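Chain naming follows the written order as A, B, C and D, and within any one chain the residues start at number 1.
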Amino acid sequence: MPGRPALFIPGPTNMPDAVRRAMDVALEDHRSPDFPAFTLGLFQDLKKVFKTRNGQAFIFPASGTGGWEAAITNTLSPGDKVLAARIGQFSHLWIDLCQRHGLDVDAVDVEWGEGTPVERFAEKLAADTKRQIKAVLVCHNETATGVTSDVAAVRKAMDAVGHPALLYVDGVSSVASIDFRMDEWDVDLAVAGSQKGFMLPPRLALVAASPKALEAARTPKCARCFFDFADMTRTNKDGYFPYTPATTLLRGLRASLDLLLAEGLENVFDRHHRLAEGVRKAVAAWELKLCAKQPRWYSDTVSAIRVPDGFDANEVVKIAYHRYGLSLGVGLSKVAGKVFRIGHLGDLNELMVLTALAGSEMALRDAGIPLALGSGVAAAQEHFRQTAHALDVARAA
Amino acid sequence: MPGRPALFIPGPTNMPDAVRRAMDVALEDHRSPDFPAFTLGLFQDLKKVFKTRNGQAFIFPASGTGGWEAAITNTLSPGDKVLAARIGQFSHLWIDLCQRHGLDVDAVDVEWGEGTPVERFAEKLAADTKRQIKAVLVCHNETATGVTSDVAAVRKAMDAVGHPALLYVDGVSSVASIDFRMDEWDVDLAVAGSQKGFMLPPRLALVAASPKALEAARTPKCARCFFDFADMTRTNKDGYFPYTPATTLLRGLRASLDLLLAEGLENVFDRHHRLAEGVRKAVAAWELKLCAKQPRWYSDTVSAIRVPDGFDANEVVKIAYHRYGLSLGVGLSKVAGKVFRIGHLGDLNELMVLTALAGSEMALRDAGIPLALGSGVAAAQEHFRQTAHALDVARAA
Amino acid sequence: MPGRPALFIPGPTNMPDAVRRAMDVALEDHRSPDFPAFTLGLFQDLKKVFKTRNGQAFIFPASGTGGWEAAITNTLSPGDKVLAARIGQFSHLWIDLCQRHGLDVDAVDVEWGEGTPVERFAEKLAADTKRQIKAVLVCHNETATGVTSDVAAVRKAMDAVGHPALLYVDGVSSVASIDFRMDEWDVDLAVAGSQKGFMLPPRLALVAASPKALEAARTPKCARCFFDFADMTRTNKDGYFPYTPATTLLRGLRASLDLLLAEGLENVFDRHHRLAEGVRKAVAAWELKLCAKQPRWYSDTVSAIRVPDGFDANEVVKIAYHRYGLSLGVGLSKVAGKVFRIGHLGDLNELMVLTALAGSEMALRDAGIPLALGSGVAAAQEHFRQTAHALDVARAA
Amino acid sequence: MPGRPALFIPGPTNMPDAVRRAMDVALEDHRSPDFPAFTLGLFQDLKKVFKTRNGQAFIFPASGTGGWEAAITNTLSPGDKVLAARIGQFSHLWIDLCQRHGLDVDAVDVEWGEGTPVERFAEKLAADTKRQIKAVLVCHNETATGVTSDVAAVRKAMDAVGHPALLYVDGVSSVASIDFRMDEWDVDLAVAGSQKGFMLPPRLALVAASPKALEAARTPKCARCFFDFADMTRTNKDGYFPYTPATTLLRGLRASLDLLLAEGLENVFDRHHRLAEGVRKAVAAWELKLCAKQPRWYSDTVSAIRVPDGFDANEVVKIAYHRYGLSLGVGLSKVAGKVFRIGHLGDLNELMVLTALAGSEMALRDAGIPLALGSGVAAAQEHFRQTAHALDVARAA
């Protein structure tokens, strides 16, 4: 099909040219004397993106799933009790991973579209007077439902009862796009992936661990080798890796970090919020509903949009792909066929969002769903125009 | 500015990934024994795009201006009489080039927005009983005004009086995008550029010459060396070039020709027409007017759109660029400030056109021009949806 | 430093332009309807490179270490007895990995420079009348010492006593460079990495499993999730992956497989042997010794070269890097400072090998080691010239 | 053929990765408001490479031939008398170009292998009491014979008799590789090409003109349009171009200038000299002769090497290409079959030169020419080793 494909799944995202080119290099010697000068800066800047001064950053040549596994296996032992919530497909999969490693997961089910149930967590933590819960898992942004949970509130609930469990956060689709504050929220293990806000190909699991988490990792836990923190720590401190690292991707990470820090993390978050608001204005104009049940859970990186009863969301996604070259996300598991998803994260601007909306409108109409063509686009345009002035002022300042 | 810039000037156009990658190669030996096997195919396929079997194709490492110069200097002598029309900035510049080479140009002026005046040409050709006119120049697609001229009609007018002048066509923004038929229309010299329908960087002048033109080139004409046909012919026949050719661009040309021929030239033309119609539907919905005065002159590769009196089109272009990252074309010379231009040629699809329209709408409104946001987008969407079905059927067939 | 760096470590290797460009693409939707048409062919062709018809190929977004872990954790349970040999640093690390997963490894130590001790293995297998040994590990090519082991002989030893253990092969630096025959040698689990013979960046673990291995994997084994065979099998059969795959690397793998199969695996092996012989002729001319103790163990992908007593091999490597831009491999662990390594695998030809030899000669001399400049180069040149004729004939045929 | 091809023709040269990647960008709007900020710096830095403060730099999207044409047609009129020497194929072609533009060339013939005959020039200039000679042409580095002429001496000869002619220098294969001093030598027009010392693809003609040359260009001269200085000057001063410029190549030029200025021009020249000396040591070791007749003419960018009588140099080039993937330059015109050429310019280091020498040795021997394998390599190695220490010291300083 002629023309550039339009990629609006919630990751992989659109890679900036600067990142693409940074990775288009010859292979290099990962044991060369010059290598550490390059890698040591990566760890430093990665910590800035996680907003941690005290923690340690790890770079695994794996996917987000690998990041989850690294966080879990280094710090927990088979049989350990874990508190988690199943708020969508990805939080479900993390729970499944824990169970495969022999952990005893207390998985709280909520209706998909809701965030992590802070009050239920608070009750359970208070009730756990024997401190059997060793880990509390929070999916910061559930990519399947477009729901952002309140990590700070979970921390507050833990602190309220002085619970010593470690706090684990899946930030795969939030870190570098939605404000995440590792130190301030006292998060112990945070996991991000390269193919979302970092605007890189999918292949790096970025993990941050607090001093408390690192302390926990010192005693024998789950079996692991590829994902071992200690091997990494021992070699990373000199700028090397325990096995051949993904050198080209590390070069891309350098470019990614440069872009993020040059724009400024707060500006990156504001931009994501502004663009996400445009999408939500469009959804409202279409008279459709988000999967996320309340505004406080609206995600600034992905919107899962419900199609009216009687329609098949998969049909919308198929038409968008085959007829207009637009990749949208399908609904997964419990919401399969009920929602389609627009990813609006990474290297994105107003016109790109309008492209996704214009294409979605056509696909929705082609699938028989009634809405006025151009209505969502117009609502988003209006929002972008109104907020552009403030932006101009800010940019000029 | 984050996100991908939106390039909608009438050339350079959006380069397909396959073309970009084809050029991302090491430099090579242009005198190697393997080189001819590669280059000879280029000339063959280039002729297909010009729709000529009888003619010869030339590849100069220069811009379209260089292509004009090659066509003129190889076949005309100082003092030769040339018939041309000044229908916009680019036809004006070609006339200027002829004059610099000492040609005696009879330049017919028309209001910008009109095409080549076939009747005036017919009169002048009929009146030229001494056959002093050696060359008739037609700008197939005037990029400054978005006007397509009727080349076949000019040929008909020449044939009607049996006029032996050579017929020159500037196809820089038409060849490979708008139907051009060198042999059928008996065109003697046709000039194309790499950065328009060929979707390449600006640096190749592609010229085709008829047997009659090549015959004319055998006797001394204007002074030239870099643009000499004979040097090219002598070396090209064995697959080489008289001086170092633009090897990486030739690799890109291979990819470009592969894409054009795989899609099929007629499909390429249909696609351009369909997408251009979408733009025109939007312009109508905005209640604005094209610079092109009549539908028969509407260009399928570029639309020059008039802003209402009292507004400055340059302001629209500036806002689009600075606020939304959208590159539109400014008005040139006589229509400066009066029109802005949307280029809709090359590697383009529906969503890309909608992006340009959505961005233009915001910029127009920001510049104070009254129109309903989303209106142009909706009109184009409706057109694309209605024509998509026919396309699906055709693709499936 | 001006000029192209010379990369001659035993992986990552020199990436062909075709592979580099194949990966230089936009990110894509790994759940798109078109994706399986692309991925299913990868698995098919990957099996050809492993020379297996019966087995199944897996592609993990990890390093070779991850490949080892996948092979082990899917098919063995904590406490299982494993027979292995510590013939160099990488076989040592694989043993270490097994131990971390709770396996009971019977690790046979040999002097570094020797291959897997087939006779010792035969004795132990014969002695294991209770069939407690569940796994036999062979490092086909030990990258640390430049030693190739005889996998077929180990299989023969197992068959001689009808031992039912699974046979595991580390083919990270052999598969796609040195003849490896999964089905013929009845190998159960084979592991390769992308950054060696596959000429790709380091990030794909390529694993092949026999039907017997897959059968073993059906019952609960070591804890795992990221490296789980079953998740892969369930999704791979439709062309998808259980988590976001390394899409750009998969595009590169396509190009790599195309190159390997176009050259022909046997030709690839012959080329590696011929080039390796050139290196060995040079080493002989320098009057130095390989780490590999006997010709039957000489590796066709990497040569570990001993420096004379009293000299520091690390010094040679440092000079080569800093003064001549040549990356050689250092000696690891037991042979640190005693050997330096030349990697001669992947996308390589005669002139590239001569470059490594010419640079090594200068560095060796600069480090004070006596040898005649040009002597190794001349020996390799002579070998390449003598064998070039046969090659010309073969190519012409 | 597997492995990287070895490119050692005297241009195009080996492109550094940084330059390649700088050009691997999306197409851009050459009329955007941001464009001048980028282009104006190019002109400034280009002047540094030409070593001119007073002159003006031009960038034409053409080859070196186009650069010659620009220099000539803007400053001379048909019938003007030109003094030049035919010292090789490229100086011959420049003379031919002048003649095609109607200039009256007094072409002094010398034996190929000699430089511009300064004394003959001095006599002719002295004899030209009517000052009919308007232009003196010097080929700074004749690529066909590997001969560098003494530009300063020609200027001295002109000054000695106070001759007012303009001094033209073909610096295509010298500028950015061999010391060239536009202002100090009072050169009026200098021409360079992108594909030599600038390490770029062939497609930019880089021209510098002195104030005196620009003054000459103000009155009507040869017919021209594409190569017109005035059009360039008018638009360049604001950072734009009269027609679509080669944007991607301009991005590459930025990277090239950055590399040259970061290394330091004097270091670049020293490096070329040191590497060229290595080649010459090898030629001596082979007991062959250079085409250049005297050391004062030896070129630091290209060596034309004579094969012994009775042998065909083309055969050597063919064998090198087909058997070893090594591109050498053939002999042109008068020295066809008698010499082969090694280009040693651009992004080059010691190991790359040794590669070319090692390959040449094999090809020479395969062609039956007697020499000791490794002998040239050893001679160059010895030279590189001896001079490396001084370099280390300089680098450390």
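The rule we apply is simple: a contact is a pair of C-beta atoms (placed from the backbone, for glycine too) under 8 Å apart; a residue touches a chain by one contact, two chains touch by 3 or more.
Just so it is clear, the structure is predicted and the values come from calculations on it, not from any experiment.
The chain with its C-alpha centre at the largest distance from the centre of chain B is C. Set side by side, B-D and A-B show the greater C-beta contact count at B-D. In this assembly, the C-alpha centroid of chain B lies 35 Å from the C-alpha centroid of chain D. With centres set at the average Cα position, the gap from chain A to chain D is 54 Å.
Averaging Cα coordinates per chain places chain A and chain B 45 Å apart.
Shown for chain C are the residues in touch with two or more other chains, namely 4, 14, 17, 24, 26.
The touching residues of chain D, counted against chain C in their complex, run 1-4, 6, 14, 16-17, 24, 259, 263, 268, 271, 323-326, 347-352, 354-355, 358-359, 361-362, 365-366, 372-375, 377-379, 381-382, 384-385, 388, 392.
Contact residues of chain C toward chain A in the complex are 4-5, 7, 9, 11-15, 20, 23-24, 26-33, 61-66, 68-69, 73, 78, 96-97, 100-102, 193, 195, 201-203, 222-228, 242-249, 318, 321-322, 327, 329-330.
Those residues of chain B that touch chain C in the shared complex are 17, 21, 24-26.
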